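Submitted below is the structure of interest, expressed as structure tokens.
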Amino acid sequence: MFLKTKSALAALAASAAMTTTAFAGDLVINFDDLNPGPKQAFEDAIAQFKSENPDINVIVNNNDREAHKSAIRNFLTADAPDVTSWYPGNRMAPFVDAGLFEPVTDLWAENGFNDDLAAIKATMSRDGEIWGVPYSYYQWGVYYRSDIFDLLKIEEPKTWDDLLAACAPMKEAGVTPFTIGTKFLWTAAGVFDYINLRTNGYEVHNDLTAGKIKYTDPRIVKTMENWKTLIDECGFVDNHASMSWQDAIAPFANGDAAMYVMGNFSVDGYKNAGLTYEQIDFFQFPEITPGLPRAEEAPADAFFIPTNAKNKEDARKWLAFVARPDVQTKWNSTMGQLPINSKAEVGDDKFLKEGFATLSTATGLAQFYDRDAPAAMAKAGMEGFQKFMLDTSTMMEVLTRLDEVQEEVYK
Amino acid sequence: MAFTETRAGTQKTSWLAKNKLNIAPWLFLAPALLYFAIYVVVPIFESIWLSFYEWNGLYRADGTSTASWVGFENYVKLWDDPKFWISLKNNVLWLVLYMLAVPAGLFIALFLNQKTPGMRLYKSLFFFPFVISQVVVGLIFGWFYNPDFGVVGTIWKALYCEETVNILGNATFKCSRAAPDILSSPEFATYGIIAAGLWPQIAYCMILYLTGLNNVAADQIEAGRLDGAKGWKMLWYVVLPQLRPATFIAVVVTVIGALRSFDMIAIMTQGGPFGSTNVLAYYMFETAISEYGERYGYGSAIATVLFLIMLVYISYFLWRMYQDEKGAH
Amino acid sequence: MFPKPIENSSATVRTGYQAFVPVALFIWLLPMVAIFMTSVRSAEDINSGNVFGWPSEFALVENYIAVFERSQAAMYLMNSFMITIPSVVISVALACLAGYALAIYRFKWALPLFFLFVAGNFVPYQILMVPVRDMSVQVGLYDTIQGQVFFHAAFQTGFCTLFMRNFIKALPFDLIESARIEGVSEPKIFWYVVIPLMRPAIAALAVLIFTFVWNDFFWANVLTQGESAKPITAGVRALNGQFVNNWHLVSAASLLAALPPVVMFFLMQRHFIAGLTLGAVK
């Protein structure tokens, strides 16, 4: 059943599942965000696209993000839309390798994206082709309680030593320096990525996630030793392994913890917990190795054209549309993220401006550990990081195990 | 047969009538059998077959599968996979500790086996935990164990913490010792989940024994009493032998329950922290269809191992049934 | 009777026993009591840490309304019924037919086929997971209510057949023999002779399967992806993510999920216990 062609069944399923039969002139777009901001931004863009292209009949399927992650695995084969949202980096690799996405390298050349979207080009590429067009990304960094910093007369740390020094007065005042919730693992990877990017730089991050260097490599060991220093001298909240990232906002909001290494989407969470912009602020993760070119985490969202799309011509129009500076400006200010097109403008918001300043001056953009590394490696890696955070003495044991997994995953 | 065939041409109705007792069972069986074969029997073999492939679950644009034959490689990998061994070890732990449900169920059944007013209601209320979903049981116990706002956390705060105000003047707790985070502790998390799982399982065993106790022959008990047996001796030599069918079923359902443990783990720890509460059932799920999984061939290999373990019990159960059937005929 | 009937003991022992049983019951059900008490607390109590004391006010109605208003609990519950009831009907109906065939007719395949159903009923779900999911995707049943119904009905047919076959086997065979001698056709014997005798077994199976299917969580995860086809068990998990730290709402939703099988159990208690044990303890 798995091993033979299943086109007959697929065709049956497709005809049964499709309530609206697509005709020429129809453009089916599958999107994956039902949260109010992103949904509104997407719908606004659709409305504008329709008014600019009155001859195209746009059909939208918007699905929950988690559901989309599993649905895409089926619909790319069985019932392909003309455009679907998805993520660059290793997340797109299985689909590219299975020939389920259409390369759009020529589209990039025609529209000058190679310059305008240069920051993200590397991560959108695989096997010498470019596979999609990104519309948004967001920054990571350290969110902190500026009121606590003021009370303790602490400045935003610029270097590793500043950061370690800042932790002492916090601990003295009974404040845990960092909050985190590692129950779902990925938050720990954010901390790892940053310490690694600051200790060793962008190349080492890419080589590690590409399986080119070992986890027991002295450079990665150095990263882990720095992390151990952070845990010993600063420290994270107790019981972080039983908290989600949302749970971990509680001690931050209550003033029991002062800093949070997080992505910009968390700002909504702080607001919902009752914090105001006067109480919170953002700083870039401090420098560790002096003089190292600064790279940042900036997970991007993008649109792709499935190989089985029926209306590829209009699909390409949509991809060109979402990359336009004016579209990206509007879209991202509505959803509270950053545009990728270097000619676009950033929304009027403290954190977006900080994010723009952070990302536009970065020399490299990482997609996040679990998007840059293959799934099986990412899972093992993040479990290893959690184990290490709970007991730093397991460091070498964790790294040795990750070498074994690496050997098996990358073969 | 040859005889009926020669006459079949001339007397069709009579052939049907003659063979109706041969044909009828198949007609009665066909729907269930076909249906069961499609959804249960065939998939077992497909899974075993798939365990010799490497597959990320994707089909190419033309509908062909991306699976590739790897022979026994998945099993070789399993052998070297510490997470597999941790899962297997936890499965053994589940099997052994879950067995406590059998004596515990017997104990409660003996305790409740009286005829006082309202006893029927008490018995059914004791049985209650078995009826509710394991998801709910998992949520309840997950909350119980929570070190910040659960029962454990609250008791801990009362014992080891004092309420103070923090730097911003908000209420907070200062503890002389950190509260035990049971579900995030690689040593204790599995025990925490098993303890939660025992609750409904004890109820199940209890009801099996209560029914069994109803059928215990009163005259044998009386005979035992006349022989001077009482207490433990009576239980061991007179009552338990008569409860053997109940014990058998209690052991079977407990073994199956232990090997099927999935819901509680999915709710309480997702196999964490760092895989230390995984069991084969959950590890298979995680490997095959979780966000970081998509390794269908490897997952099928795990499932096959779990199936083979279960097959030992299934075979034993069928063998016992076969003995009973032979006895009955 | 064992242990010694309590009414033969002294009055003190008797009263002591009668007083102790409710206490033991309370301890045994403490988790349920706690979750119920939590579900009637107000948000203020939860936030101020009054998790065990007497609730400052009873917010039973508010909390349960909040669950329905702030989540898709109503849809999840509806889905659960739409999955469970057809599954029960199909599996019990098929098992009546199959059980009859396996119990009444003497043919050489009777025992092996019976064992096939029994064995299938015990297999770990994981060995079925990938093929069943793949098949559902291909025929368009993935992420639908029907997809879950078809699977549950098929899987539960195994247990139901085990149960029904044993039940019918215990019926007096003479009844069927004499009907045959009178020339009654096989379907008619099944319908008019056997089915009426099977009523208690059908009732017992129905409640049991209702509980099994209602409480399913694994297949809800395997065969659905979005919200639209999720049953309440998977829904409660989703709510747990949505209502972070709102334990009063999570508790209320959990109790809602637990309620239908509990009601079913108390309404059909006699059948339920008969079902559990008749299929099992002979």
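To keep things simple, chains are lettered A, B and C as they appear, and every chain counts its residues starting from 1.
Note that in this section a contact is a pair of C-beta atoms (placed from the backbone, for glycine too) under 8 Å apart; a residue touches a chain by one contact, two chains touch by 3 or more.
A quick map from chain label to UniProt name: A = Multiple sugar-binding protein; B = Lactose transport system permease protein LacF; C = L-arabinose transport system permease protein AraQ.
These figures come from a predicted structure and were not determined experimentally.
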Labels of chains that are neighbours to chain A and to chain B: C
Relative to chain A, chain with the most remote C-alpha centre: C
A-C compared against B-C, more contacting pairs: B-C
Distance between chain centroids, defined by C-alpha means - chain A, chain C (Å): 42
Approximate Å spacing (C-alpha centroids) for the pair chain B, chain C: 15
Chain A residues counted as touching two or more neighbouring chains: 1-2, 6, 10, 70
Set of chain C residues in contact with two or more other chains: 131, 134-135, 245
Junction residues of chain B - those touching two or more other chains: 46, 50, 57, 289
Residues of chain B that touch chain A when the two form their complex: 46, 50, 53, 55-67, 77, 80, 82, 146-148, 164, 166-168, 170, 172, 174, 178-179, 181, 183-184, 186, 270, 272-275, 286, 289, 291-295
Interfacial residue positions of chain A with respect to chain C in the complex: 1-2, 6, 9-10, 12-13, 16-17, 63-64, 66-67, 70-71, 74, 78, 244, 246-247, 250
List of chain A residues in touch with chain B within their complex: 1-7, 10, 69-70, 73, 76-77, 80, 94-95, 97-100, 147-148, 151-152, 173-175, 183-185, 238-239, 241-243, 254-256, 306-308, 370, 375-376, 378-379, 383-384, 386-387, 390, 401, 404, 408
Of chain C, residues touching chain A in the complex: 131, 134-135, 137-140, 142-143, 225-227, 241, 244-245
Contact footprint of chain B on chain C as seen in their complex: 1-7, 14, 17-18, 21-22, 24-25, 28-29, 31-32, 34-35, 38, 46, 49, 51-52, 94-95, 97-98, 100-102, 104-105, 107, 110-111, 113, 115-120, 122-135, 150-151, 153-155, 157-158, 161, 186, 190, 211, 214-215, 217-218, 221-222, 233-234, 236-237, 240, 245, 247, 250-251, 254-255, 257-258, 261-262, 265-266, 269, 273, 276-277, 280-282
